[in-house]
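The same chain A turns up in both complexes below, where it pairs with chain B and then with chain C.
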Partner chain A sequence: MADLTLRALDITKQFLGVTALAEVTLEVERGSIHGVVGPNGAGKTTLLNVMSGFLPPTDGVVELDGRDITRLSPQKRVPLGVTRTFQNLRLFGGLTVRENVLLGQHSHARTGFLSLWPLRTAADKELDREADHALRIFGLTDYRKRRAATLPYGLQKQVEIARAVSAKPKLLLMDEPAAGMTAKERLDLVPRIRALRDEGITVVIVEHDMDVIATVCDVVTVLNFGRKLIEGTPADALASDQVRTAYLGT
Partner chain B sequence: MSAYTEAVVIQVGIAILLALGYWITAATGKFSFGHAAFMAIGAYTASILTLKFEWSLELSMVVSGLTAAVAGAFIGWIALRLTILYLAIITFAFAEIVQILLDSWDYAGGASGLFGMRGTTIPLVAICIGLVIVYLFFLTRSRKGLSYEAIREDEQAARACGLGVTRISVEAFAVSAAITGVAGALSAHETLIITPAQFGAPQSLLIILFVVLGGVQYFWGAIVGAVVLTMLPIWFDFLEDYYQITYGLLFVVLMILRPQGIIGRSTERRFNLDSFKRLVPGRSGGGRDG
Partner chain C sequence: MLIQQLVNGLLLGTTFALIALSFNLVVGALDRLNFALGETAMVSAICGALLLSRLDLPFVLAFLAALAVGALVAGVTFVLSFRFVSADYHTAPILSSLGVGLVLTSLVTRVLGSDQRRVPTVLDDVRIEIGPLRIVGDQLIILVVAALMTVLLYVFLNRTPWGTAIRGVSDDPDMSGLLGIPVQRVILLTFVISGMLAGASGLLTGLSFHTVSPFTGFETTLTALMVIVLGGLGNITGGVIAAMMIGVIETLTVAYLSATYRDLIVFVLVGITLLARPQGLFTRDTGVVGRV
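Up next is the complex of A and B:
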């Protein structure tokens, strides 16, 4: 049996009678880059919301390393190693870039009343160093004191990924990371996602853009109208007639 | 120092405490519309302890703070998981209920309240303000303070970062209520008499105005707001009947010219239309497109 990080089993999600997901199963292998694609309204983001805990499924089970996490809230999943990014950026716009990254470390940091005491422990200093390291690898060092909302869109996306990675996740769920990026930024994105995988992070990418998926993913799951259409290598998925029909309608 | 000056200084001091207490919950983006209730809880707790049990004022103040904190945690736990519209309604209703209960509580004097409390001095008020400022100084430089700001900025993003939004907001709300309760205790022992009517909606509104006028961005703003709003009625005493009109106009002008408050960065408008969008209930951040 394959080594799985996350297993979403028979996930069904209904919104007021509209079925967004119908018995979708997603098994994410450890150390893989797993793409979830499909046309608009296929249920991709809904699936990501169910996996990250932002939406409870109507039916089905979400397991992380064999543990049932279906009922856990997002903030309880973060310490277990599940973090996410959002389709339409959710940064702390009024806070600085560095503060955004510091907040990503929340689950590893001391945040109780005792942390108000200004003496900094070795662990505090280590977290600071990690934050500065994250800023460096995402090319944000020069912008660390800028308010996040004042950065160009592409850099804001980097801040969001840097923030999610600062939580030291096992599993990173990315919702349309390429959306709104320029062609060059898209090219930069691919090695960056591979680098995350090489650091030991399993990555799930929900994406509309087939090019990015085809380049970076090991496995692709295609959704359409809330059902799993096909699963396989990007080449297989692209070659499938069903996928062509779903995307192009011919 | 004349008795009049002393009374004014204590008034201003209590206003500063109220403003700083309110600022803590405002820092998480949660606006209460019934903070006078925590003032009342503090005032009554301390007054009963000093009058009927002959406790010292200092010890009574500690108990006042704790009682208000418990009430704050309870109300916060009920209301803070909801949208800010419901928070506004629940805190407002809570303050009304507290007033009604005090009105019908014979042991605490009913509608005519309690009288004969004394003991509030300038040093006592100053020590309280000092402690709160030290607390806020360290809070705003800590990760805890940063998590407050994160919740104010974007709750969904905060959840995605692993912040327990409800727990953190309730904690901030309880600390806020505690400081407000202590201010209530000090106020009761300055004015000699307390009645339930003192702790109505106008008092709650005044506390909000301290912070909104000063600006929520820095806690220094709350202090400025409290001082200005407490001194205005004294400075503009000569206006007599026109005072209320001037007061209202001043606010309108200020909110147009400096929506971020007296203290606060002008490039950043904390009080813009976006903050009203959050009033719409049922908007969850997850979204389901895609």
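Up next is the complex of A and C:
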């Protein structure tokens, strides 16, 4: 059996009787970059919300490393190693870029950003180094002292990813990371996501933009009308007739 | 003479600035007012005054004790009036913190009596004279301590992990929670610090008038509200400037018009200002750096 970081099994989610997801199963292999695509309203973000704990599923089970986490709140999932980014930015606008990243580290195993000990310890210095490392990966070193709200939108999205990464997650759930980015920023995003994978973070990307998905993902799951249409390598999935029909409507 | 009154007014303003900082910190962290902070300042001042006059403690120790009492009272206020009150119910913390204030006043008058307490002069033989202008030792203490506390607060909020967390929670409490920050503990810390500021303000005000009364709590709250509304709610810099302005206005009113009408004149002036600028003199900064 494959080594799974996350398994979402037979997830059904209904909103007031409307079915957003119907028995969708997602198996995310450790160390993979797993894309979830589909047209608007296919249930991509709903699935991500269920995996990150923002929505309880109507039915189904979410497992992290084989442990049932279906009933855990997002706050409880963060220390277990599940972090996420948001489609619409949720940064601390008045704080500097670096402070945003530092706050993201708080849940970090054992040490934690907020200890009662007021003086800086060796562990704090380690956290500092890690924060600077996350800033470097996302090309934010030069902006670290800027207030987050003053940065252009694309850079703010990078800050949000850096903050989610700084918690050292096992699993990073990204909700439309490329949305609102310029063409160049999208190009930069691909090697950065790979760099995260190389550091041992399993990544799930919910994305509308097919180019990013096709370039960076190992496995792609295509959703349509709340059901799993197809799953496979990007080349296979995107070449399938069913997917063309779902996207182009012909 | 005018210049002396201006200096006295600015010095009075520094104590107002501390209590306004105290209110604004809580506004930043919770978007709520803690109406018991005036009484918190009073209780701390009374305790400090008793330690100074009865036990003859050095001022530094009495001051630290006032900080501790302020921190304790504000922490208890948080638990009693804010912690378990639903965020949707906006008026409940107003009423319950006003209630805590009333309880504090009656507690002090029952236990310690309703007498005014004397705050003895600390620096008797120090005084600065520049021409006709005279600044006595105790005024220097007020100035130095208030400035020191403001700088320490600034450094704490901007340079330490817990300070960063306070600003993060002020900015977006939900997101802070999602990142695993212990939001309630951070808010409790904010209350404790605001209580220390209130305690400092209380004892320093007592030092400037050499007396504290157990009935000044609500008056202090009113003054602080006046200052933070004039300076722009939640705006720290605006609050400090507004505190100086109100300090000067109060002092000039007492010196040249009438002590009886002091509050009336301040309230009317603030009222007129707010008719012209309802958002306060200094508009609220968009970010938390300006707010906290």
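In the analysis below, the second predicted complex is superposed on the first by the 241 of 250 C-alpha atoms of A that agree within 3 Å, B and C clash if a C-alpha of one lies under 4 Å from a C-alpha of the other, contacts with A are read in each partner's own complex, and residues count from 1 in each chain.
By definition in this document, a residue touches a chain if its C-beta (ideal position, glycine included) is under 8 Å from a C-beta of that chain, and two chains touch if they have at least 3 such contacts.
Note that the coordinates shown come from a computational prediction; the quantities given were computed from them, not determined experimentally.
Asker: In the superposed model built on chain A, check whether chain B and chain C fit or clash.
Answerer: clash
Asker: Which partner does A:Leu95 contact after superposing on A: first (chain B), second (chain C), both, neither?
Answerer: After superposing on A, A:Leu95 lies in contact with both chain B and chain C.
Asker: Give one of first, second, both or neither to describe whether A:Ala167 is in contact with chain B, with chain C, with both, or with none.
Answerer: both
Asker: Should A:Ala20 be classified as contacting the first partner (chain B), the second (chain C), both, or neither?
Answerer: first
Asker: Who does A:Gly41 touch here: chain B (first), chain C (second), both, or neither?
Answerer: After superposing on A, A:Gly41 lies in contact with chain B but is clear of chain C.
Asker: Where does A:Pro79 make contact in the superposed view: on chain B (first), on chain C (second), on both, or on neither?
Answerer: In the superposition, A:Pro79 contacts both chain B and chain C.
Asker: Who contacts more of chain A, chain B or chain C?
Answerer: Tallying touched residues of chain A, the top partner is B.
Asker: Considering only touches as defined above, state whether A:His208 meets chain B (first), chain C (second), both or neither.
Answerer: Touch partner of A:His208: chain B, not chain C.
Asker: If you lay the two complexes on top of each other, which residues of chain A touch chain B in one and chain C in the other?
Answerer: Residues common to the chain A contacts of chain C and of chain B are 74-75, 78-79, 90, 92-95, 99, 102-104, 106-107, 113, 115, 118, 147, 163, 167, listed in rising order.
Asker: Please name which positions on chain A make contact with chain B in the complex.
Answerer: 15, 20, 40-46, 49, 52, 54-55, 73-75, 78-79, 83-84, 86-88, 90-95, 99, 102-104, 106-107, 109-113, 115-118, 147, 163-164, 167, 175-176, 206, 208
Asker: So in the complex, the part of chain B that touches chain A is made up of which residues?
Answerer: 135, 138-139, 141-144, 146-147, 149-150, 153-154, 156-165, 268, 270, 284-290
Asker: Where on chain C does chain A make contact in their complex?
Answerer: 160-162, 164-165, 167-168, 170-172, 175-182, 186, 285-291
Asker: Using the touch definition from the top, list the residues of chain A that touch chain C in their complex.
Answerer: 74-75, 78-79, 90, 92-95, 99, 102-104, 106-107, 113-115, 118, 124, 147, 149, 163, 167
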